[in-house]
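Shared between the two complexes below is chain A, which has chain B as its partner in the first and chain C in the second.
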Partner chain A sequence: MIEATQLVRRFVVKKSRQFRSVVQEEITAVDGVNLNIERGEIVALLGMNGAGKTTTIKMLSTLLKPTSGTIAMDGIDVVSQPSLARPLINMVAGGEKMLYWRLTGKENLVYFARLYGYGGHEAAQRAIKLLGMVGLSEAADLAVERYSKGMKQRLQVARGLINDPRYLFLDEPTLGLDAPIAREIRNLVRELAREHNRGILLTSHYMAEVEELSDRIYLLHRGRIIQQGKPEQLRVLSGEQVKYNLTLSGVNAANLDNCFRDLGVNGLKVTQAEGTTHVEFNAPQEFPQEHIFRAVTALDADIVDFRTLEPSLEDVVVALVGETA
Partner chain B sequence: MWSTILSVIWQRFNVSRRAYPWSEIGGNLLAAVVPFLAGWILLRFVFGGRVDNSFTQESGGTNYLGFLAIGLATYMNMTGVLLAVGRSLITEQREGTLDALFLTPVSRIGYTLGYTFYQLLLQVPPTIALFVIAWLSGAQIQVLAPGAVLVNLVMAVIGFYGMSLVLASVMLAIRETFITQNTLTTALYVFSGILFPVGYLPKPLRFLSEGLPSTRILHLLRNAWLYGLGPRDLPADYALTAMVALGFLLLGIWLLRHVERLALADMTW
Partner chain C sequence: MTVFLRIISAEMTKQQRQLFADKRVFFSLLLWPLLLLMSSYYMFKPFSLGATTGTGKVFFADQHALTVFVLTGQLGYTFMYAMTESAWRLTWERWMGTLEAIILTPVSRLAFLVGESLAFLLQGVWMYTVMFSVLVLFSGYQGLETVYIGLAGLGFMVLASISWGTLMNSLFLLSRDVGLMFQLFQDPVNFFAGIQVPVTVLPLLARAIGIAIPLTSALQMVRLGFVTGNPFAATTWIISLLLSSVAAITVGWRIMAWAEDRARTDGTLSFY
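Then we have the complex of A and B:
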């Protein structure tokens, strides 16, 4: 398990003024973050731009030393012994970085494998296996500069797995990718966690992706964790309501209006068309649905259609961040 | 560490053969041969094939073409190492591969030594070509003290490597390659005793020049190669030069560690 405790990272930013001396300003990018990642789970780190996500990932991945705080990884003190932690981790970033464009896909992987200490033959074997895993076997001997964006991203995932890491940090892994390629990457990420028992920390601006993949979410705002939990827990915490949409038949609209108002729902809207009645309202996450069925039974109506629409993770994040701000 | 060195050499070879298959070696060859031919023409047609007494006093002999050939060969290898190692990390940063590199447990020394040895290998054909042309031009380039020359070559690798680490740190710290590399190579060309003995320089410049491993090593290399003078003949010079080379090496390693942290922090923020 990775366990970060009270992580703080401050930067000194130099601001030059015209015709004046340079002014130094201290900025706290990460301020007392506590988080943990178990093997086999996908944990998302969400936040607006500048919330401290990349800084946190860089500290966890040994690229940046925290100003204070501790990071323990399977018994290793990451801050004081980064060289012991590095073989256990890797990182994949979006945006066509972290690859040598003049080298072929296979040469990239062999090179990185050798930097991780694999022998020549073993490095080549690993490269071939991983290229197959990400569907790039046929492009193995093509220079990366000729790869499409999606191919580069898949190669990055292969590079991220070259050292068989226990923990993988994914920083916007599907940034700018077409929907089918992004789906392939998501499937691969899910497989890595579920079938290969890797702990994954994911940051993404695509909320649907986070919602689909993550077991737990940390919400970061101005360097602090403002909420954490499973996606459904965050929905409750956000106070965002579930939207209900019912179609009923054999019911009097006036009676229905009174009956649903008594349930304490919000935004009730009743419309009638072609012998059916459409009812729309919002209710809190914890609202018991049996109350609705009881009300419908009491009205002696039939349910033709019943739909609920959960608030999107985007709504939840915006609500939670807005609340804090 | 050897595995890292060999991996970096292999990577550089593959990148270079795709990016500039012939121009790199061709460019190096021209950069060494053209100044030599210019020196040969000046000596033969402008100065009538003779050097004056001051040159003999400063350099220890009259063999200007041998002096020039060794100077240019040293300069070619030195700038090759300096620029390759110096630009290595900032290039990784600009191309977006620095994070991926630093995520690996690779030794920084092994990585930069990989660049050093790749450059030294790359300079072998132009260096041989330079000496062949020098020999054909009538330069006396017989090696009089091979053992001492070997000692100097080892010191040269250490000294140039140390200088390149310092340069890499400066480039990474100020995020600049063009002015740094061009200013530096021009300054070294003029002030390191490549074309003429540093004794001709004004005193402050001479003092600065002799503080560099390159000037000291070149002086000892010429003495060993052309005049057969080794560590037994010049013990104080050898000891001081070894200390300067090691000093640069330690300074470079120390600087690089600090600058590396700063660069990663800057990239994040």
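Then we have the complex of A and C:
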């Protein structure tokens, strides 16, 4: 397990003023973050731009030293013993960097495998296996500069797996990718966690992606974790309400209005058309649905259609961040 | 040791593939060293050696000696320049984010630095062979002896260049202003290593600085080789070459560790 405790990262930034003077300013990018990642689970780190997601990932991946705080990884102190932690981790960043464009996909992977101490034959075998895993077998001997953006990103994921890491940090892995390619990457990430027991930390701006993949979410805002939990727990915490849409038949609109108001729902809207009554309202996450059915039964009405719309993770994040701000 | 050599080999392969995707580039390396040699040779050609005789300031016994001096200097400089060119490549690695990917691995930093420097070995050997052949042709030296001098000289140059390249690579990790850094180190090497001026005429301090540069000793040994027929004639220069090379590699290695630690502290590794 990775366990980060009270992580703080401050940077000193210099601001130039028309070449005359330089003012130094200290900014706190990460401020007392506590998080943990178990093997086999996907944990998401969410937040607006500048929330401290990348800084946190860089600290976990040994590229950046925390100003204070500790990071323990399967009994290793990552801050003081980065060389022991490095064989167990890897990082994949979104975009087209971290690859050698004039080298083929296979050559790239063989090179990185050898940096991890694999012999020539073993490195080649590993490269072939990973290229197959990310669906790049046919492009193995093609220079990376000929790859599409999606292919480069898949190669990045393969590079991230070259050392068979226990923990993988994915920083915006589907950034700028088309929907089908992004879906392929998501499937791969899910497979890595579920079938290969990797612990995955994911940052992404695509809320649907986070919602689809993550077991737990940490919500960062201005360097601090403002909420954490499973997606459904965050929904409750956010106070964002569920939208209900009902179509009923055989009911008097006036009675219905009174009855639903008594339930304490919000934004009630009743409309009638062609012998049916359409009811819309919002209710909190914890609102018991049986109250609705009881009310409909009391009115002696028939339910023609019943739909609920959960708030999106995006709504939840906006609400939670807005609350903190 | 096996892992160390594997990394060096991986680094060399990567750089070769990255830099010389088109093998024809090697032939361009035939042309410009020749031009450099010719320019050096003809630069000194008009000056009469006779003018210094009788003044007690004779440094070169004859035109051959001058030719050997000038051409070996140029050869050493070009070889060193080609090998230390890898230092520029580190800036490119920084831009492409691959340096970050390398730092993320547990790879031996020393093996990485030496490998980066050695990546240009093939190019260096090719250029050395071309230039040495021209040198022999111009200087008039002949026979098996010159092959011996040539091979020994290649060994000296490789050692001097790898060690200096390792140091340069580590220094280039400290700064993003590579152009300035390159000039800052390359031009003084030209002067202190006795490429165009014999180190023996330099002031004591300049000579001391020169000795710290491995190329100085390597050049002296090649030049002595031509004079005495034995490139290993002067033990002092052999010791000096070994010591300065070990020192350059050790300092480079320590700087790399320090630079990495500094980058982790101030977060500059991913700044381009």
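What we mean here is this: the second predicted complex is superposed on the first by the 324 of 325 C-alpha atoms of A that agree within 3 Å, B and C clash if a C-alpha of one lies under 4 Å from a C-alpha of the other, contacts with A are read in each partner's own complex, and residues count from 1 in each chain.
Going forward, a contact is a pair of C-beta atoms (placed from the backbone, for glycine too) under 8 Å apart; a residue touches a chain by one contact, two chains touch by 3 or more.
As the structure is a prediction and not an experimental result, all values here were calculated from the model.
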item	value
Fit-or-clash call for chain B and chain C when the two complexes are aligned on chain A	clash
Contacts of A:V13 with chain B and chain C, given as first, second, both or neither	first
Contacts of A:I27 with chain B and chain C, given as first, second, both or neither	first
Contacts of A:I128 with chain B and chain C, given as first, second, both or neither	neither
First (chain B), second (chain C), both or neither touched by A:N90	both
First (chain B), second (chain C), both or neither touched by A:A140	neither
Contacts of A:K65 with chain B and chain C, given as first, second, both or neither	both
Chain B and chain C footprints on chain A, overlapping residues	11, 55, 58, 61-65, 83, 86-87, 89-91, 93, 95, 97-103, 107, 111-112, 114-117, 119, 143, 159, 163
Interface residues, chain A side, partner chain C - complex	11-12, 55, 58, 61-65, 82-83, 86-87, 89-91, 93, 95, 97-103, 107, 110-112, 114-117, 119-120, 143, 159, 163
List of chain A residues in touch with chain B within their complex	11, 13, 27, 29, 54-55, 58, 61-65, 83, 86-87, 89-91, 93, 95-103, 107, 111-112, 114-117, 119, 143, 159, 163
Touch list for chain B against partner chain A, complex	3-4, 6-7, 10-11, 14-15, 18-19, 95-97, 99-106, 261, 264-265, 268-269
Residue numbers on chain C that touch chain A, as the complex places them	3, 6-7, 9-10, 13-14, 17-18, 21, 96-98, 100-107, 112, 261, 264-267, 269-270
